[in-house]
Amino acid sequence: MEPRLVREMLERVRTGELAVEEALDALRGLPFRDLGVATVDHHRALRQGVPEVIFGEGKTPEQIALIAGEISGAGQNVLVTRVDAAKGAAVSALVPAFRYVPLARTGSIEVAPLPKRAAGAVAVVTAGTSDLPVAEEAIETLRAVGLEAKRLYDVGVAGLHRFLHRVEELRKASAVIVVAGMEGALPSVVGGLVAAPVVAVPTSVGYGAALGGFTALFGMLTSCASGVAVVNIDSGFGAAMVVHRMLPKE
Amino acid sequence: MEPRLVREMLERVRTGELAVEEALDALRGLPFRDLGVATVDHHRALRQGVPEVIFGEGKTPEQIALIAGEISGAGQNVLVTRVDAAKGAAVSALVPAFRYVPLARTGSIEVAPLPKRAAGAVAVVTAGTSDLPVAEEAIETLRAVGLEAKRLYDVGVAGLHRFLHRVEELRKASAVIVVAGMEGALPSVVGGLVAAPVVAVPTSVGYGAALGGFTALFGMLTSCASGVAVVNIDSGFGAAMVVHRMLPKE
Amino acid sequence: MEPRLVREMLERVRTGELAVEEALDALRGLPFRDLGVATVDHHRALRQGVPEVIFGEGKTPEQIALIAGEISGAGQNVLVTRVDAAKGAAVSALVPAFRYVPLARTGSIEVAPLPKRAAGAVAVVTAGTSDLPVAEEAIETLRAVGLEAKRLYDVGVAGLHRFLHRVEELRKASAVIVVAGMEGALPSVVGGLVAAPVVAVPTSVGYGAALGGFTALFGMLTSCASGVAVVNIDSGFGAAMVVHRMLPKE
Amino acid sequence: MEPRLVREMLERVRTGELAVEEALDALRGLPFRDLGVATVDHHRALRQGVPEVIFGEGKTPEQIALIAGEISGAGQNVLVTRVDAAKGAAVSALVPAFRYVPLARTGSIEVAPLPKRAAGAVAVVTAGTSDLPVAEEAIETLRAVGLEAKRLYDVGVAGLHRFLHRVEELRKASAVIVVAGMEGALPSVVGGLVAAPVVAVPTSVGYGAALGGFTALFGMLTSCASGVAVVNIDSGFGAAMVVHRMLPKE
Amino acid sequence: MEPRLVREMLERVRTGELAVEEALDALRGLPFRDLGVATVDHHRALRQGVPEVIFGEGKTPEQIALIAGEISGAGQNVLVTRVDAAKGAAVSALVPAFRYVPLARTGSIEVAPLPKRAAGAVAVVTAGTSDLPVAEEAIETLRAVGLEAKRLYDVGVAGLHRFLHRVEELRKASAVIVVAGMEGALPSVVGGLVAAPVVAVPTSVGYGAALGGFTALFGMLTSCASGVAVVNIDSGFGAAMVVHRMLPKE
Amino acid sequence: MEPRLVREMLERVRTGELAVEEALDALRGLPFRDLGVATVDHHRALRQGVPEVIFGEGKTPEQIALIAGEISGAGQNVLVTRVDAAKGAAVSALVPAFRYVPLARTGSIEVAPLPKRAAGAVAVVTAGTSDLPVAEEAIETLRAVGLEAKRLYDVGVAGLHRFLHRVEELRKASAVIVVAGMEGALPSVVGGLVAAPVVAVPTSVGYGAALGGFTALFGMLTSCASGVAVVNIDSGFGAAMVVHRMLPKE
Amino acid sequence: MEPRLVREMLERVRTGELAVEEALDALRGLPFRDLGVATVDHHRALRQGVPEVIFGEGKTPEQIALIAGEISGAGQNVLVTRVDAAKGAAVSALVPAFRYVPLARTGSIEVAPLPKRAAGAVAVVTAGTSDLPVAEEAIETLRAVGLEAKRLYDVGVAGLHRFLHRVEELRKASAVIVVAGMEGALPSVVGGLVAAPVVAVPTSVGYGAALGGFTALFGMLTSCASGVAVVNIDSGFGAAMVVHRMLPKE
Amino acid sequence: MEPRLVREMLERVRTGELAVEEALDALRGLPFRDLGVATVDHHRALRQGVPEVIFGEGKTPEQIALIAGEISGAGQNVLVTRVDAAKGAAVSALVPAFRYVPLARTGSIEVAPLPKRAAGAVAVVTAGTSDLPVAEEAIETLRAVGLEAKRLYDVGVAGLHRFLHRVEELRKASAVIVVAGMEGALPSVVGGLVAAPVVAVPTSVGYGAALGGFTALFGMLTSCASGVAVVNIDSGFGAAMVVHRMLPKE
């Protein structure tokens, strides 16, 4: 991997600039920092163009603070997802720079300027009001990777006039993130009307046969509109990252 | 139950016209005929206004012929559902009057005139061409209970123009049967546009996450359009019977 | 859609009464109001003859109050479903006109007279006492759309005498809503005895193999009584809306 | 285990009638015969009062013939279940004494007289005609353990009159086996009407939401009639064996 | 139903002792009492030889007190199952005669002597200590129907010595209730060693692949020991009622 | 929708060039053709830049030939997916221009030149040899929308050397389609190494706990590599369409 | 079983040293102690070389203290698993010697020296920080059976550099326990790189399609790396016990 | 990875023995051979001590022959699993050296001597005769990695005498593979009696609630005997590979 770097190092070994053992160390001295409970990867930003993102569930506030401190201390922005209100407050108490967004259940530390990208705004559409937290998680993530969002909320297919009214706005978007629970029909309708990339996020909104989001998930995967990309249930973060990969990085 | 009949019998017992043991027998001599492998109910037509319907799966052609003969011999029409082509041919060989409809996988014996009903045509809508067999089963059943059908096929939501084009036709229907597989989004859109009864039939069309029709089933049950009635997967028969109950009987 | 209106508008364009740009605006000026977190559809009542209904789960009391205020401010009645006691109290504090019904977990604001309908009372039957909340949600919804209910509670099939005792009452109903958990056998028995429309509501009553209502749901979908319409688990609201669509609107 | 036998053996060791090593061998010389592909247990009849039963699925005709020969050669009757027609013919060709019953998909070799039992007939009830194969498997098994059966077929709850008509017959039975697919409601109704033991057998009859018999299985497990014993899907054999354990052995 | 009573009544109608309308009323005047939220069946004891049992989940303390009062007021014993500690205390406050058993999560009111039955003790076996609450629910139910229990706790198959040690006790039982969670293997071993009826109760003990009791349930249904009757997960009550039906009533 | 066209039409109505009824007809005369069994949408190509694609399952060869003929007769290319060998032969017999590709189970009729796109080749990676049919379906679809593919087959993560060896090739791709069954781990590894869009296709390769592809599906949806887009099981077509939406259209 | 002991006893019976009844008692007097709620097996350590382990879920603190006291009173070490913080505190209050480890949710009483084993350290690897509690449960169990652990935490496959960096450490381990949630891909990669035994523990880390650990479980069972042993979800204990069985006991 | 090799190569670069570009090539020239449809890994034997194993499902006979030829041509043994009889014959026709074993559904080409290992025989135990194919697949795989097997067939727990009779044989085994379908109880009993490693293989034997092997799988994962390692359903191959990793390689 990274043969250019290897080639340079080998050249320096050949010319004697670099001792064999040093070269071996360098090959081993990969850009990780072992914190005991976590192994932080300082080069992911280089490899993928994104900040390190911390999955907040199942971690204590102390663990989050430790990992986030390691990253931000190296000059990189941090995004933490799936942080409930209590944990958000606890991390904020430990790390004053932690900006917690309750609706999105995310927090961030921004020590570097956010990236600037040329791509137009990403439309973030929800079928209902109860889908907002997932949509806002997507928008916070888009922000972290330098993309703007355009909100179109509560435009589900049962009120088709409501939806058709805003099709023009959808057609202008560089990509569309569609957030819907229950039967998850909205991406099929959106996918049939726009040619741009469509990323569908099933949500756990609904009860009974909604199966905690699996009905929407399966519905989106079998959408009769072709070319709809799907991510995990309630994963606004995942949808934003799919869009991040798709759009030009600068 | 049927207190009028009981009252009349009691009157006749009181007046001595009817002996106690005879009354007891009469109460027991209910209108059933035990054929060994089946118990035929000649009075269901009276009670529910429908012919006896035979579920063809898991029955041999000989059993179907025996039961159908018993019913038609009593002057009632018979409908047999879920009869594959081989079984249809076998029953036809045994019962020449058996009219087999391959696309609907149904057969019938009509010895009495079909009922006449005042209700307007029932719209039978499919999302795709692969949903036809289920739709045709519904239409054969509607016919058996005296209702006409209007076909609107292959108008799924991914091509919304295709669908909106025919909304006026939908709005004229006395009821709408919506047949759809995959994500089953069509009933949500239909339910949002028409005020008439909407009966949704999930089909087993699709693969993988379509779950053999369960994704459509669950999607229809959690439809964001309110008041959508749902029946079993691939049950065109069931949908037609729901409509039969809803519409005026004459 | 709505070709009569389009034709009139086109006539006015032709005669010069209406400027092209104005016509275009009118076509766009659909009867929605975008509240940021929700898009309220003031014309649904016209299209479907029902008030806007708010799904209370996953919404904050503030969001409910905002949306309900927008609707009732426009002179329309509001029904909110799946509101637990704490949220009900919070909305009541924000909106004094909010009438909360704890047993049904619904709330409503009634600023217009309830509709009057000619249809006879709808029988609402439960298999057990634990099914009451779902039955009461159905009854509150029936009320909102102008229909009366007749309660027949705790008449499950294990005590068949108890049930047969009340068949005559069932036979008089314009429609029957059957609410049952556990094995969900009651709609099969009811469906076999009455010719009226039967809408089955599975409930999450029961444990273990009751699967949180799915056993009742699947049992109802495969009922050996034909023509039983099924709605989502615990959805008294959904059942009432199916009945609303079926019965004459005036 | 079997302390009486151990005590006798110990007595004989004490008196010197039996050498220690012989006693050890005897303790080891258990009544098994290792056939390579199977280990036949000649004493199960003693321990449980039933013949060895061979589960036919997944065994070759040669394996069935080998095992059945070992058992019948020792003078015991053999019952083989779940043998399809082709395998039944193949075993019959190898073992002329093999009596194959196509409807029940069972075969048997009877080299000893069937047991005689005092218990009254067991009622075997089916909801529909398609449930017959499972009911007949139960009846063949009852026969093998010395019990008589009374058939009541096709008396499902959707035609309640049909069912109530025969309640008296049910009430006379020493036990009731109820065989039903689809929603599996029949055991709830039977259980509510009779005080005798009720064993419910779900069948894989039905489609879609019938889930290949799991809906009936779960429905029976959550029956609102208390005290219904349940066995595996399509296991007429299992139901008969439950009854065998319940009823007096002589 | 109950032809003897009908015959007597008919005789009295014939002799003029009973007016037709009175007979009709009598036929309708079935022994139910409609409490609004519940319909109490005072004759179930006659029909099935058991007291009315109230399923405590999903009912308020007030509803339980009302129903239990109606039953005990008529001189019948009451058993209430699945009552957690808080609800148990609340009912006790309303009904002083309510005897709450925390470990079994049951309560009872005993206003009549418990039945006396000749059958020997029923062995109640658990695989582990965590299965106790379910076993105790079974034992409370056995008590209510006049049967004694013999406890054999924590004798799972992983410690086979522990289990074999007690086989003689099992063999003396009139029936065996086996309570086990996790993989539910114990009934297979018990069923292979005793000839008496075996009723298996899966419990929700375990985590992950234990599936909240479904693994034990399915394991018991497919037990390689034949004739094992199975009831719902955690249903000690159900198992006791199966045993109640099996054993002589006096 | 399409306000530019509506504006032009309105202008022509205003100037009298177009009669009101003609305008109304034009608004209705949408570009559909109703074939009875299907409704062909000739403008989808315009709206989404793709040919009409026919889902071959559940359609007869005659239906496929009819629909494909309608489309190709209008000068558009046709792609048919999920066509097994027998059906492929049948369609070929009816439509000589039908080019059937057995490995991909697709067929096509190409009457217009394939589109030319500037985007670089799309890497199509499989974990094993058994995943080939799905990969080839993706490649046939990419071809239909004007994209080239680079095959990297059988490079699963259990042989990581095999995989790392080809990372450079992956990094050059404009997008990566990863096709994997069993545990579906490959997209996580790919997603961690490349910054380009990654579309994961679960396949039904594997047995037992592979759950017919659902294990791979769920694994991909919960991939620890962020931004992986997922499509339905075995849907090489779906993955190619996601890529089609992402990449520049010219 | 244990024929050597039986032989000795038989010898003593033969020589008259042991009376028949005494021998019978001895055969029955197996090394169990019945505590009412539990049956403690003091010989398991002899049979399997491990201490008695108490499954803490579903047991009261009093029951745990009673059982643990019985075992430790006999001089054996005790390990209690799945003890949450509240229960841990309650047991500690009852049994001062109880050492509770919050992160591992385990407690222990060590009255005998821990075993010493020659095997090298076991590598315990986690995919993420949220998997720590399961890993620590494994490590506490390894300690109890005399094995050392080497922690390698947060080295998931999405950051492959991070993982490859530590492969040499893995290759030195006597066995590898791999703990991973979400898609559970790590064991496939580990299994492909090391020849030592690999035991995979799925964790319930993740949401939505992670299915509470079942996605990881199924993924590990279908791992493309052959020879990966799998244990129950979140069962660090189970994994350690598999390793215990594999490695030399001394 | 493989730092010793890298170090040697670096030394040779330093000394000028190896040119930089040659070193780079060597690093790239990994021991793979790309066959188009497969990438063969000739060094896996070195890394893991096992031959390349081909998963036969989903591959054509031609693909199997091609891959097997590549491997055996390099002097390595080949094992192919899950090859049905027809495919086995087809491969044998293409590759005469292919030795097909019908009962195990495996085939092999042995061009090198099988490894010799010091470990004692592995006990392969089945619960029933229908489990034989899976057991034989395990035995063929054990043979390929140099291990001997001891068969103990048809010793399920329902006939405990049959099983206890052979415990001594189990206790002598170096490891035990337990193959069982239905409820999968056998590993719990085995695991409680022996201290050696126990690997459990669930099989798809059984019907209905056996869930195609998942009931056995889940039962084994939640076994009350600790330290049971589990592999995929029907994966005799997987179990043998777990044992291969555990036991000394020479």
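Residue numbering begins at 1 within each chain, and the chains themselves are lettered A, B, C, D, E, F, G and H in the order written.
Just so we're on the same page, a residue touches a chain if its C-beta (ideal position, glycine included) is under 8 Å from a C-beta of that chain, and two chains touch if they have at least 3 such contacts.
Note that the structure is a prediction, hence the values are computed from the model and not measured.
Undergrad: Could you compare the number of C-beta pairs in contact for A-H with that for F-G and name the larger?
TA: F-G
Undergrad: How many angstrom lie between the centres of chain A and chain E, each centre taken as the mean Cα position?
TA: 53
Undergrad: Find the geometric centre of each of chain F and chain H from their Cα atoms only, then give the gap between the two centres in Å, rounded to an integer.
TA: For chain F versus chain H, the centre distance works out to 38 Å.
Undergrad: Could you say which residues in chain A touch two or more other chains, in rising order?
TA: In chain A, residues 1, 3, 128, 159, 192-193, 208-210, 217, 221-222, 226, 232-233 touch at least two other chains, as defined above.
Undergrad: In graph terms, with chains as vertices and touches as edges, which category applies: line, ring, star, complete, or other?
TA: Other.
Undergrad: Pairs of chains that touch, anyone?
TA: A-B, A-C, A-F, A-G, A-H, B-C, B-D, B-E, B-F, C-D, C-E, C-F, D-E, D-G, D-H, E-G, E-H, F-G, F-H, G-H
Undergrad: Quick check: in the complex, which residue numbers of chain G touch chain H?
TA: 1, 3, 47-50, 53, 164, 167-168, 192-193, 195-199, 217, 221-222, 226-233, 237-238, 241-242, 244-246, 249
Undergrad: What residues of chain F sit close enough to touch chain H in their complex?
TA: Within the complex, chain F touches chain H at residues 128-132, 153-155, 159, 161-162, 165, 205, 207-210.
Undergrad: Could you please specify the touching residues of chain B with respect to chain A in the complex?
TA: Those in contact with chain A are residues 127-128, 156-160, 182-185, 188-189, 191-193, 206, 208-211, 214-226.
Undergrad: Write out the stretch or stretches of chain B touching chain E in their complex.
TA: Against chain E, the touching part of chain B is residues 3, 6-7, 10-11, 13-14, 16, 20, 23-24, 27.
Undergrad: Under the stated contact criterion, what part of chain H meets chain F in this complex?
TA: 1, 28, 30-32, 36-39, 41, 43-44, 55, 57-59, 63, 67, 82, 202, 204, 213, 217, 232-235
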